[in-house]
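Each of the next two complexes has chain A plus one other chain: chain B in the first, chain C in the second.
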Partner chain A sequence: MNDAVAITLVGVFGITGSLLMLFSAIAMFRVRDALSRINVFSPATGLGMPLIVAAAYVYDLHAEGFSWGSLLMAVVAVLCLIIVSSVGSNTLSRASVLSGQPVYRKTVPNRLASPPAGAVDEDPDAPKEPEEPTGRS
Partner chain B sequence: MIIVVSICSIILAAAVIVGLVRVLTAKDLGSRAVISDLMYFSAIGMLTMFGITVSSSIVLDAIFLSSMVGILATIALSRILTRGLR
Partner chain C sequence: MMRLVHGISYIAYIWWAIITGSATIVSRLFLPGRQYAQPMIVEVPLRCVTDLEVSLFASSITITPGTLVAAIAAGTSTQPPVLFVHALFDDSEESALEGLYDMESRLLAMTRGRAPTAAANTVTEVEQEEGRP
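Up next is the complex of A and B:
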């Protein structure tokens, strides 16, 4: 791989990934609540960071030549970023709902705040009514 | 290579600065947790670009390890949000 190809690939991957991170940061201003912010945060970790890993791998390929260790490390890093950040986003959104962070008032229908009409929403863990005392002594 | 990597670093630094401004102006704690996560990943990107600049050979190792332990910060923040409850 000659210099021009390496620089072009690093540039395309790196600048696209960095721009995705920047656009994600700007999008944090345009949405109004924590759940939507978690939603617009996914492009940064799902596509931006893997592109930056690709840029780093192309640089490694250019500087030190091909090796299976580097390839394995890059593939595992991409898989980790996708899987781990999905699990992390899920945990964070669950925590933000459970801790009562405000939801934007124009979010309708908000099924998290009020169940849809006709839904059976009984709490299986609710304490049962005390039974009538029978004639047991 | 230097020019390309500098452009990437500048864009990522801009992302961190925008995130900092948003953390200062955010009202609720959940938004702050999300934005600090975004800043963490931007910092990993800046570390990678710095490694490419100085021709380091551990660029992939650094990004590999930091992508694996990145979930710890997120889970710690979510546990803090719920006051330790799951």
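Up next is the complex of A and C:
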């Protein structure tokens, strides 16, 4: 691999990855609630960081020659970034929903807002009515 | 053998979905004069059965930019497990569900060797059966 190809590849991968991080950060200011912010951050972790790893691998390949060790490190790093980012986003969104973060009011349809069929959702602070006699003891 | 072919095509499909989703998020930043995103939370009754299928599908949805799993409801004896997916850039609920079912069919083709034939119940059908508004 000659110098020009290596430098071009490193530049394209590295700059594209960095720009994706920047644009994800800007996009986080354009949406209004926690769930959307977790959502629009996934280009940075799903594509931006693997591209930066690819740039580092190409640079290493050009500087020190091919070795199975660095290839293995790059592949494992990309796979782990994608898996960890996915599981992490799942956990974050689940935590944000379960902790009762407000959802942006223009979220339509919001299927989480209607209770599932058969759910008993009573207000514990409501004044108690006299209990009706039931068959069960 | 078919599962290997389906698996490779599924990985390529996920990569393509990540790239196009990132392009959507970035390009929408530079289109002024319109709303940046149209968030919605849709309900997806699953055809996935095993834990592996459900967790793979949830991870695939979340890693795709523009869709995010917000909650998971366990299945019962009469109802399939349900994912609640937060989607940002889809025009309508139907188009969001269509994309998700396409991904699910490809995933099930990978884990089972062939794509499932029966279509899943749509949300409106599920609601009619349950008598919900």
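Things worth noting here:
Note that in this section the second predicted complex is superposed on the first by the 114 of 137 C-alpha atoms of A that agree within 3 Å, B and C clash if a C-alpha of one lies under 4 Å from a C-alpha of the other, contacts with A are read in each partner's own complex, and residues count from 1 in each chain.
The working rule: a contact is a pair of C-beta atoms (placed from the backbone, for glycine too) under 8 Å apart; a residue touches a chain by one contact, two chains touch by 3 or more.
This one's a predicted model, so the numbers in the text were calculated from it and none came from an experiment.
Residue contacts after overlaying the shared chain place A:S85 against chain B and chain C alike. Judged by the touch definition given at the top, the superposed model places A:R94 against both chain B and chain C. When the two structures are aligned on the shared chain, A:E64 is found in touch with chain B, with no touch to chain C. In the superposition on chain A, contact is made by A:I26 with both chain B and chain C.
When the two structures are aligned on the shared chain, A:A74 is found in touch with chain B, with no touch to chain C.
In the superposed pair of complexes, A:V5 makes contact with neither chain B nor chain C. When the two complexes are overlaid on their common chain A, residue A:Y104 makes contact with chain C while staying clear of chain B. Touch counts on chain A: comparing chain C and chain B, the chain ahead is B.
Residues 24, 26, 33, 35, 38, 85, 87, 89, 94 of chain A lie in contact with chain B in one complex and with chain C in the other. Listing the residues of chain A that touch chain B in their complex gives 3, 6-7, 10-11, 14-15, 17-19, 21-22, 24-26, 28-29, 33-35, 37-38, 41, 44-45, 48-49, 52-53, 55-57, 59-60, 63-64, 70, 73-74, 76-77, 80-81, 84-85, 87-89, 91-92, 94-96, 98-99, 101-102.
For chain C in complex with chain A, the touching residues are 18-19, 21-22, 25-26, 28-29, 36-43, 58-60, 62-73, 84, 86, 88, 93, 123, 130-133. Put simply, chain A touches chain C in their complex at residues 20, 23-24, 26-27, 30-31, 33, 35-36, 38-40, 42-43, 46-47, 82-83, 85-87, 89-90, 93-94, 97, 103-104, 106-114, 116-117.
Taken in their complex, chain B has these residues touching chain A: 1, 4-5, 7-8, 11-12, 14-16, 18-19, 22, 27-31, 33-35, 37-38, 41-42, 44-45, 48-49, 51-52, 55, 57, 59-61, 63-64, 67-68, 70-71, 74-75, 77-79, 81-83, 85.
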